[in-house]
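Each structure below appears as structure tokens.
Next come two complexes, and both contain subunit A; in the first it sits with subunit B, in the second with subunit C.
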Partner chain A sequence: MITHELIERIEGEAVLDFQTDKSGRVQEAAIRFLHFRGIEAILEGRNALDSLVIAPRVCGICGHSHLIAAVRMLESLYENAGYPVTLTPKAHALREITLSCELIQNHIKWLYLVMLHESGKLLGEEPPVALKALYVTSQVNQLCALFSGQWPHSSYALPGGVTCDPTHIEVMQALKILSEVERFIEDEVLGCGTELFESHMKNDTLGTLKGDFGTLLRNFERLELLDSGKSHGRFLVLGNERIAMAFDVRSNAQPDLVSEDASQTFENGGKTYAKNALYNGEFYEGGPLARALVQERAGISDLYRIHGDSAVTRLCARVEEMVLLCAQVRQLLTSLDLSQRSFIPPASIETISGSGIGIVEAPRGSLIHKARIEKGRIMEYSIITPTQWNLGNGPSDNPGTAQKAMIGVESIAKASLIFRTFDVCSVCTTH
Partner chain B sequence: MSDKVEAVKKLFTSKSSRVETNKGDTYYQELFAKCEARLNEMRSNTPANKLDFTELLEENGIDRREFMKWASATTAMLMLPPMFTPLVADAAVMMNRAPVIWLELQDCAGNSEALLRADGPKIDEIVLDIISLEFHETLQAASGFQAEKQLEEAMEHFKGKYLLFVEGSIPMGMDGQYGTIGAAGETFHDHLVRCAENAAAVVAVGACATFGGIPAAAPNPTGAVGVMDVVKNKPLINIPACPANPANMVGVILHYVLTGQVPELDSLLRPKFAFGYRIHDNCERRAHFDAGEYVEEWGDVGAQNNFCLYKMGCKGPMTFNNCSIVRYNEAVNWPIGVGRGCIGCSEPDFWDKYAYERPMADAKIKAPTGGVEKTVDEFGLGMLTAAGIGIAIHAAASTVAGKRENSGENHE
Partner chain C sequence: MPSNPAKLKVIWLQGITCNGNTHSFLNDPALGTLLETIEFIHHPLLPCQKTLKDLVKKVPKSDVLIFEGAYSAPFERAGVEMRTLLPALAHKAKHIISMGSCASFGGIFKENDPEHISGIVFDKENGSGPLKAMQEKVITLSGCPAHPKWLSFVIDMISAGREILVDEFRRPKELYAYLVHNGCLRNEYFEWKVDSERFGTKEGCLFYAQGCQGPYTHGSCNKILWNDVSSKTRSGTPCVGCTEPAFPKRDLFTTKTYMSIPSEMPLGIPKRSYLALAGAAKSFHIKRLEERLIDDHA
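Let's turn to the complex of A and B:
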């Protein structure tokens, strides 16, 4: 039997086409995205610096990641053209802080507005009120805006640094907000201190967590989904470190091995606007789980050894990343040297020709911006978004990451929930 | 062509383009009486949800004083005299009597995201709970087919009464196939027309919904247009900017609850309370502009001292919006606060004419009579080339005409 299921909430719309057997168990699942804007074509022919205004607007949910990817692309272009760009540690740290804020608030929203909500609904329970989560995400965005001017859609980064020149007042404000966010994560999300959370991961006792994350895991347990959702076991991180992991073997990842596959798109007779992203010709998973595994972070690696890349590991990786990023933001804020310059001007963009690539670890995985520039003008622009990795739509003999995770799940409703563990985002996927 | 220029001139120098912050006692007394009557009428309506605003405030530890402070600030934002403060407070309490349906079309979800971060005394609560958000595809509980059903029910139940908020542009190319919604594959165009049919008013939110936004930037691959090019014969309010400021979205709803009317609009159908003056007029760096102190290069001494960004391509002098006052993210900051110029995102065609650090002289934007210190009316003229404005005039004119014909509860 074939069933069409619409997936919405927070991240735009996707359509899943399920093929089920008599008992309703999922045999095949196809993923379609039905919106298109043509942003790559819009970028072409423009001044290269215009990408810093247009790129964030690819996505209102991860716009900051797009900004940083675009600025890194431009900096790599300078580098390749023989004009290396120098970034002060301060400028670098400020970019890392704002980028981390985007990840943290995304993860909180996913947990409350999507996962707790949808899993509760499936159990026939009144969805919990998410106001406290909205409040804390607005706090995180304030922290980001202190340095970036606004969220979403800021454009404060430029090749050579950042335009803001914060004072101690902003840093103190940021630290105050961060303390509140940390308290929220401990009191509400985990229901315990971060060290205890670590030991829960190590001992595989997460189900006893008192916070909202514990509720989520218990929801999954009641739905008998904790160990569902296993995919290919291939992971990719192309941002800060470049590591691929397939069948537990780690290797240095080469951006050259990334390709886009348009075989499923409308232009080739398919049914979606989204292209698949492939590494070495195969589907790889990106995002928090991939990042934790390739960095060999203890708690998640322990869970992975026991449960593989199942729902419980994937859910936990996103929550663990919140905790980790808060600690990193704190470290960056306390070690900022405000006397350093924010910006060191590079050569004029009109003198620069060549190619550049900028990669960022966005909330849902590796985001890639590639461009060819001639005398400061964009000739070609190509964007590969994280969801293209995770929600790639392959044929039945070679399913994409999320497709594979849904196959064998006992009902369409449960498979849709597994789908959401990947944190769906259709907005920028079709760009 | 000369006809067109004349039409543009007329449009932008007409009385409707001016902001009058003081319209005289008689006007405000009449309006006050009208609002009181409207609120009494609203009070007798059954609220769309059972939530009690006062209780919610108490639960969240917000006292009456704090709330009244918010009400007084909001009254000022709506360009009403202080005597309206108690009415604005009453209207806020009754926001659950104004049903809102929110559509997302060809968008990036940025305006929904901005709305989620609405400010005020935990206005999150006001927006998400008190406002009767009857349908918002991405925020509501239901999804998929359930959501489609909910939309139908909301449209039927609140027929002629709901405000339709639209986020995102409408792709007209390829028969609308660049954007479809739901299992039946309805195009964004058809979806919008259908949902707008029984709306009390349509509110286009963000640069995409108002003027086409980034998707409509050259070469406009999908043939994207704004709501005013599609929806006719309906009161229409544009709240441009990328993203639109949530304060302005809340302001429009509040104004509607308070008066039963759409707020006073400029020639581009933007509420004057928000778009009646320029970024430049209230900019924190304005004193440096007047003193001739400019940032000449990113990161220079001028940049470190927060000098004016005009020479770095700041479009504040020709952009109408209240960001310099309202700011973003609970007022902690705004782009100019971090040393970035304004990109003019609340103006039509900003993506092609205003983008990034291109100084205004190079951006095909010229004030007709030279200089940046011109009045609102004169500026409007220079800002837009004939191609861009053609659409806007047409849409503005047809919508205004539609508003007259449609003598529902929203006439002025």
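Let's turn to the complex of A and C:
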């Protein structure tokens, strides 16, 4: 039987076409995205610096990642044109801090607005608006805005650094907010200190966690989904360390091996606006799980050895990343040297021609911006978003990452929940 | 004890959007209090009574319809085209809020198909959008995105039954009579024509070289701060003019000049007066404004 399921309460909407057997078990699942906005075309012909204003508008929840990808793309363009751009450690650290804030708020929203809510609904227990989570995400975004001026949609990073010139007062405010966020994660999300959380991962005893994450895992357990959702076991990180991992073999990942495939789109008679992103011709998973595994972070690697890339490991990776990012932001804030310059002016953009690539680890995985400019004007612009990796829609003999994870799940409703473990974003996927 | 007034019933619908207004709205630290006065019949992310599927099946009445994103007639939500869905919801709504610059004027996404994409009442500055006949009940909250406090202000005014004074684009004057330039910490540098020679400093005004559009942009960004703490110009970023129908302009990080005078005058300032004033101001050298504010950061 074929069923079309509209997926809401994601960023935008998606349609899943399920093929099920007599018992309702999922045999095949196709993913369709029906909206398209044409950001790449909007950028073409403009001044290259305008990308710092337009590109964040790809996505309201991860626009800052798009800003950083765009600015790194421009810096690589300068470099390739023979005008290397220097960033002070301060400018670099500020970008890392604000970028991390975006990831943290994203993960908290995903946990409360999407996962706890949808898993509860399936169990017939609809939780109320998670005001405490929204309050804490507004604080995380405030921390970001102390430096970036606003969230969402700031444009405070430019080739050569950042526009802000913070003082100790901002740093102090930021540290206070961070303490509150850390407290929220320990008291509300985990229900224990971060060290105990580590040992729960190691000992595979996460089910006993008292916090809201424990509730989520128990919801999954009651739905018998903890060990569902296995995909290809291929992982990719391009933003920082550039590592690909397939069947536990790690290799240095090369951006040259990335391709986009339009075979499933309307363009070619398909049913979606989303192009697939492939590495070395194959679907790879990106995002927190991929990042934890390629960095060989202890807790998640332990879980992966026992449960593979199933729901429990994938859910936990996003939560573990919140903890890790808070620690990193703290470290960056406390070691900021405010006497360094925020911005070192590069050559005028009008003198620059060539191509560049900027890659960022965004909340959902590796985000790539590529462009070719001539004398400071954008000739071509191409964006590959993280969700294209995870939510790509392959033919039935070669399913994409999320597609594969849904196959074999007992019902459509449960498969839709597994789909959401990937942190679905339709606006990014189709940009 | 006075009985609690009934909660306003609100529908939040999205056209062609990045979801920026949705996430901006979630940043309101007073969201909990706001939710005591409104209830969402539908919202794209928050728990609500009706899914999109329910919404299109039987179009409900509402007190407030919030529309986010640009309008395009054939664009679909839950399989129903906007040309059908938006007017149907709008007719049954007492008030309509166009949330963000896409919904207000077409915004960024209009750039992809300028002929067919517009705001709900205005297409750039022309009042030719699909809801122009009902414009009396529309409040424009332009901005990319709109500030969450701007929305709660409008909702509070509606629930208190107060009249909202609006400008020619139906933007509340209380929010948009200011310019972004008002309250900017760099105003003194503007007055004395001291430009910020480069990005990344606290000193200088971003108007003369870096493209700041604060002097021609209506918005209270430097009064009602972003995320309660900052604004673009406070963090050294030039204002990009995102509340105006002309957004997004081009060459956003440079100021067009004619014989080293900005080619566009600050709003309402005649060119001759500006030139006279600028000449005089420039002839002063004010040491305080030429130095760094905090020395040990040299």
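Note that the second predicted complex is superposed on the first by the 428 of 431 C-alpha atoms of A that agree within 3 Å, B and C clash if a C-alpha of one lies under 4 Å from a C-alpha of the other, contacts with A are read in each partner's own complex, and residues count from 1 in each chain.
We take it that a contact is a pair of C-beta atoms (placed from the backbone, for glycine too) under 8 Å apart; a residue touches a chain by one contact, two chains touch by 3 or more.
Note that the coordinates shown come from a computational prediction; the quantities given were computed from them, not determined experimentally.
With the two structures aligned on subunit A, subunit B clashes with subunit C. Contacts of A:338 after superposition on the shared chain: subunit C is touched, whereas subunit B is not. Look at A:46: by the touch rule set out above, it reaches both subunit B and subunit C.
Using the contact criterion defined above for the overlaid structures, shared-chain residue A:167 touches subunit C, although it does not reach subunit B.
In the superposition on chain A, contact is made by A:5 with subunit B only, not with subunit C. Overlap of the subunit B and subunit C interfaces on subunit A comprises residues 6, 8-9, 11-13, 34-35, 37-39, 41-42, 46-47, 49-50, 52-54, 57-61, 63, 109, 113, 117, 127, 131, 134-135, 137-138, 141-142, 144-156, 158, 160-165, 173, 341-343, 345, 427.
On the side of subunit B, the complex with subunit A involves touching residues 104, 106-114, 116-117, 119, 122, 124-125, 128-129, 137-141, 143-145, 147-148, 171, 178-183, 185, 213-215, 217-222, 224, 242-243, 297-299, 303-304, 306, 328-330, 332-340, 343, 351, 355-358.
Residues of subunit A that touch subunit B in their complex: 4-13, 15, 34-39, 41-42, 45-47, 49-50, 52-54, 57-61, 63, 109, 113, 117-118, 121, 127, 131, 134-135, 137-138, 141-142, 144-156, 158, 160-165, 173, 273, 341-345, 427-428.
Only residues 6, 8-9, 11-13, 34-35, 37-39, 41-42, 46-47, 49-50, 52-54, 57-61, 63, 91, 109, 113, 117, 126-129, 131, 134-135, 137-139, 141-142, 144-156, 158, 160-165, 167, 173, 338-339, 341-343, 345, 427 of subunit A touch subunit C when the two sit together in their complex.
Every residue of subunit C that touches subunit A in the complex is listed here, in rising order: 14, 16-24, 26-29, 31-32, 35, 44-47, 51-53, 75-79, 108-109, 111-113, 144-145, 198-202, 226-237, 240, 248, 250-254, 294, 296-297.
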